[in-house]
Amino acid sequence: MTNYNRKMRMGMVGGGLGAFIGAVHRMAAALDNEIELVCGAFSSDAEKSRQSGEALYLPPERVYGTFEEMILKEKALPEGERMDFVAIVTPNHMHYPPAKMAMEHGFPVMCDKPLAFDYAQAVELAALQKKTGLMFGVTHNYSGYPMVKEARAMIATGQIGKVRKVVAEYPQGWLATLVEATGQKQAAWRTDPSRAGAANCVGDIGTHAAHLLEYVTGLKITEMCADLTTFVPGRVMEDDANILIHLEGGAKGILHSSQISVGEENNFNLRVYGETGGLWWHQMEPNTLQVFGLGNTQRIARTGIGQLSESSLLATRIPAGHPEGYIEAFAILYRNYARTLRSLLKGETPDPRFTDFPGIEEGVRGMAFIATVLESAKSQGKWTKHL
Amino acid sequence: MTNYNRKMRMGMVGGGLGAFIGAVHRMAAALDNEIELVCGAFSSDAEKSRQSGEALYLPPERVYGTFEEMILKEKALPEGERMDFVAIVTPNHMHYPPAKMAMEHGFPVMCDKPLAFDYAQAVELAALQKKTGLMFGVTHNYSGYPMVKEARAMIATGQIGKVRKVVAEYPQGWLATLVEATGQKQAAWRTDPSRAGAANCVGDIGTHAAHLLEYVTGLKITEMCADLTTFVPGRVMEDDANILIHLEGGAKGILHSSQISVGEENNFNLRVYGETGGLWWHQMEPNTLQVFGLGNTQRIARTGIGQLSESSLLATRIPAGHPEGYIEAFAILYRNYARTLRSLLKGETPDPRFTDFPGIEEGVRGMAFIATVLESAKSQGKWTKHL
Amino acid sequence: MTNYNRKMRMGMVGGGLGAFIGAVHRMAAALDNEIELVCGAFSSDAEKSRQSGEALYLPPERVYGTFEEMILKEKALPEGERMDFVAIVTPNHMHYPPAKMAMEHGFPVMCDKPLAFDYAQAVELAALQKKTGLMFGVTHNYSGYPMVKEARAMIATGQIGKVRKVVAEYPQGWLATLVEATGQKQAAWRTDPSRAGAANCVGDIGTHAAHLLEYVTGLKITEMCADLTTFVPGRVMEDDANILIHLEGGAKGILHSSQISVGEENNFNLRVYGETGGLWWHQMEPNTLQVFGLGNTQRIARTGIGQLSESSLLATRIPAGHPEGYIEAFAILYRNYARTLRSLLKGETPDPRFTDFPGIEEGVRGMAFIATVLESAKSQGKWTKHL
Amino acid sequence: MTNYNRKMRMGMVGGGLGAFIGAVHRMAAALDNEIELVCGAFSSDAEKSRQSGEALYLPPERVYGTFEEMILKEKALPEGERMDFVAIVTPNHMHYPPAKMAMEHGFPVMCDKPLAFDYAQAVELAALQKKTGLMFGVTHNYSGYPMVKEARAMIATGQIGKVRKVVAEYPQGWLATLVEATGQKQAAWRTDPSRAGAANCVGDIGTHAAHLLEYVTGLKITEMCADLTTFVPGRVMEDDANILIHLEGGAKGILHSSQISVGEENNFNLRVYGETGGLWWHQMEPNTLQVFGLGNTQRIARTGIGQLSESSLLATRIPAGHPEGYIEAFAILYRNYARTLRSLLKGETPDPRFTDFPGIEEGVRGMAFIATVLESAKSQGKWTKHL
């Protein structure tokens, strides 16, 4: 009988040398000692995949030239040896093929966001996931921050009352010029409709904002009014999005994301105002949550200190004042994924404290968000219903 | 011949004991030793006006029961004694009557914002001002901050390139409950359509945001899409406004103001992103201007130190690190108004360094903004042209 | 019988055109409508005094060539006309002569800090003040901030428990080079022992830190160990001071002030830690007080909002989020001085809510602090008792 | 011939379940895919060691009951299998024995700080290291932050001129009450002289401040004047330290550390002022470095963006605005250690870009710092020479 009291074994699709998000996935997976990288198809270029595997100290025989080869050959290995799940960290257009094939061969998936190239693919993957019952994670990673979980817990337990207003802003400045024309790889694929899908700014970061907003408030966006702009000459897709939103229960809000806001690094912020309180969270200072109350009280909740929700404490590793950052938050998704996967492999009921990570539903919703924004942007009418 | 080498003499309409903005106008007028308060009709209640005048150490004979009385009796005083101008600090519905009568009797006016009860009144006042040629100031006071002037100067001289995106936000939280039902006077008149006019949140603070945005960028709002909400049960007018805006030259933006954002004090912020740079200004830390450049440079401009524009330096009184605040910024409008008025009274050409204060045009534009927001809010179409 | 239901009349010694602190005193005195400037001897240069008086719109006959002339001629005016008190805003070596003469002629005094040229002068002035019983204020102005008063009230009412540790830091950078050699007037007299007295950095800003620390904690410094340095070649007096301090009741602390800390504007900060809580206050963001508690609670107290002490509220003029600054805090001293003086002139008991301003005792203590620091700096022993 | 193109193999002494710093070392070692944990003696309690090893998914045969057993048995394994180095993460009194034995058996060491129980042990370890020539790292981890390396590079290349003043502050509040009496393990050993050595606050965090200060400025502390206090009744060793320091080249400074500063988490800050510039770094916002220049310029250097030194860039993994934190900085030491060790094992010259991590010299210096502080605290003389 297979022993699962071991690290979960990860195979990776994409994430070759020089890739940004692939390296993040690897660090996040490694951090909590729950996962080991055992194989990979790191690039569509077989030689580059080989070099990447070597740099990652993988045995040559588990570095594959294609994801198809990886899935087939790993499948052929004995159960105690083969990878336990597949992490997909390729550009958007290459999420669907390996995700589909992995599930078809019985492998659980952890997929980078947005889930797919378009909404139709996302729906198809969801159907396949439902059919196979395989675990499927989508790395809307900002939900892994302790203070994000604290905000969610506070709202869920009524600590700011019924939500009235939400402001989600996600400005970046890195695409303020035609960077994609300079050979910068990140910029190149994200601004290319054949690889990124129908949206650039909205797909890359707007979906993070939409997910986090819904995750924290527990409310769905019901309709929106979007104003998209392509500011940089020579660019095909939007690089700026300003969106009015309506949410369930009568809440209103604003969601804006931008890649041309010169000087902005990754300035993702979320503010939620309820009937009796308010919350501010800033991704670039992620260990602080400002908490406001009706009696003009203002307190600072901080990662790892004072009275905090269990969900927040479970996402914290070190004492307050020792800043945890982006990788740590990302790693919470992997840690929870791995622990839940291990329970399932052992035939046990997963510990509900660790099942909190975005899955295929959140992935599909992200693709619906993109589709709705694009439809609203084209409409002359004010409000467009969320798909 | 009249000697104008003296402080300018101010008569005040409104601003009796307990009023917020009246006291601010008096402190602002007093700060720079250019103006003295010589008379007032501080309340529509004659006894309250008398008490207010006494508390202000005014001679009883120059404390009037009505603004009509004040204007007529001051007019009857010799030129060297009578007030030089009238400051109007009443609720919105009481701006037009004294402003009209003051101009009809030859008195320059300094009027609180918004200029009038409705757009028609504003247009009428503007026509009268044009006819009489009298000085007319409107206290869009946030334009008096040194770092606001620095931002304006930077944009005007091309330091961030062509403007692409603007985010003006103005959240407050003081009306998150039905404060007006508790007898709070500020809340009572601002939420009462018979005194405030057709808008509450948009009129009180949205107009500040619109003015500052246009003042700093030098661009006019051309069209908008507004989403207004009344969140607090029992309230008649909107207490929250989310607005997408388009500006001249293709710039886009967001303007949102709120009075139900629990925890927000007076958190007015402005961010402007151009082709080659970005600027952030925060009213609650007004002496800092963050300046971003394309090469990923980030510098901090600070009131009174380093390389600054002349307009910024002229709005600064004390060395860097000794914070100047809201009253100081407000006082810049009064100082400039007084110096310009003195020059005119002396028959001299005003020093162009001190003619920079909002006038009747800005006042009319503010009323047009309110009217357009309300029209857009009712429209099912996406974009509404600015009046 | 004289009517004192009027503004208090201020005569000023020093503060001619171009002076920094003189202008601050005038703005502070004017802000709250309690004081009017009626006369002055603005410069030791009679022509410059005349020009300054003209620029301040004073009648020529009340602009004097010397402080002696001012005191004598004002004394000769009828009681209802003459100045009510004298504000002294000259360099340190010129505090004692006018302060002494003013008291000898029955005039109350408001004097800039440090009180005198040396400790002996201070003691003499204190004796004269005691003998005459005249009001005497010393502008340790940082004690006028609302959040400083809040901190003091919190400690006085036991909200952080017995004080254990204090960190007072006051770095500036403006004298990092030999600015005094460039003709900069502020630098010239402050670094000149014949005008500033025996200390530069310690006298100019160290005394502010010492006063505030004692004001807020209610504890006196008992002994100290000082390390003074003159970093800039060509300078005579110290431009940097690092001091270990012991306070009453076993509290310990650090007080450091500097004028060579490049980049620092006026970065005066105070932190106090008690047995059950901690407080942080930053002069450059003066409307915020961070309040820590043993249970790892952290709350933000803000000027003018939430639960605050009466002393803090009385030092606040406008709603929260409309920043009050340096001049406003300075003006609290003048407002309190004026109200107390008016009560005394009217033969009434002063309202105890307004008697809170630094007086001659605080002035003497500041001079004792300077003397002790200098003695400690020369000593090879570790601890030197506070004079 | 042994293949070293693999992860370096780490054996761990200490760091059983529930330990703080052991878990940090493991996460730091894992993050960059350069090291794998292969064995450990995680506790002096053999059963606890076994449980810890199981939770870490180690094979039972490589989980040892004592460090002696681990060293002997690993030594007996074939070269291609045995651990490559030993990480020591025990309380201070247990650094020396395993470090000594490891070196005596030819194993390189990575040791937590402070290096030893007392200065004599440190000197002895240094002698042994010199004799054996084995790699020896000491985890003064704050030197791993990108902006710390940037500060060091800026000073080394003269960008702020000759250093004049340094302020290193390290307040914490977690020991403001007698936590050690509640069974809290971290508090228990750190405040126990038989396990922590002669100092508590100075040893635990003061040594970090001293190391970073010397690392960043490149200057050694030459003499000091220390004031130590034990504030909490029932505690044996100091919980607060205020120290005046002199550095090479005439620089002066202050170093203070505290564990009783209620509300402080891990608020380690460093400010350095030179003749032409100033730098501020705050550990709790580690990705920002404020840079001041003589012309009153103020710029913000940020991790991973803009013009940065190579040393800073090499310590950065992800794009600006994605915050890297404490674990990431700690991991830089392990990454550099592993890369240098691999080069040495391969017989190659280590890449000088990765030899930058604290070694035995820094460890000895830390113990000398502790000894000097304690001597100074007892002295009645002002200055005590650094050992």
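As written, the chain order gives the labels A, B, C and D, with residue 1 at the start of each chain.
Keep this in mind: a residue touches a chain if its C-beta (ideal position, glycine included) is under 8 Å from a C-beta of that chain, and two chains touch if they have at least 3 such contacts.
Note that the coordinates shown come from a computational prediction; the quantities given were computed from them, not determined experimentally.
Participant: By label order, what chains touch chain A and chain B together?
Facilitator: Both-contact set = C, D.
Participant: Counting only C-alpha atoms to place each centre, which chain is farthest from chain C?
Facilitator: Between chain C and every other chain, the largest centroid distance is to A.
Participant: Using Cα averages as centroids, what's the distance between chain B and chain D in whole Å?
Facilitator: 55
Participant: Just how far, in Å, is the C-alpha centre of chain C from the one of chain B?
Facilitator: Once rounded, the distance between the two centres reads 34 Å.
Participant: Using the average of all C-alpha atoms in each chain as its centre, how far is it in Å between chain C and chain D?
Facilitator: From the centre of chain C to the centre of chain D is 44 Å.
Participant: Can you list every residue of chain B that touches 2 or more other chains, as numbers and ranges?
Facilitator: 264, 296, 298, 302, 305, 320
Participant: Touching residues of chain A toward chain C in the complex: what are they?
Facilitator: Residues of chain A touching chain C: 295-300, 302, 305-307, 320.
Participant: Across the complex, what residues on chain A touch chain B?
Facilitator: My answer: residues 160, 164-165, 167, 169, 171, 173, 176-177, 225, 227, 229, 231, 240, 242, 244, 246, 252-254, 256, 258, 260-264, 271, 273-278, 280, 290, 292-294, 296, 298, 379-382.
Participant: In the complex, go through chain C and note every residue touching chain B.
Facilitator: Per the stated touch rule, the residues are 5-7, 20, 23-24, 26-27, 30-33, 37, 54, 56-57, 172, 174, 264-267, 283-286, 302, 305, 317-328.
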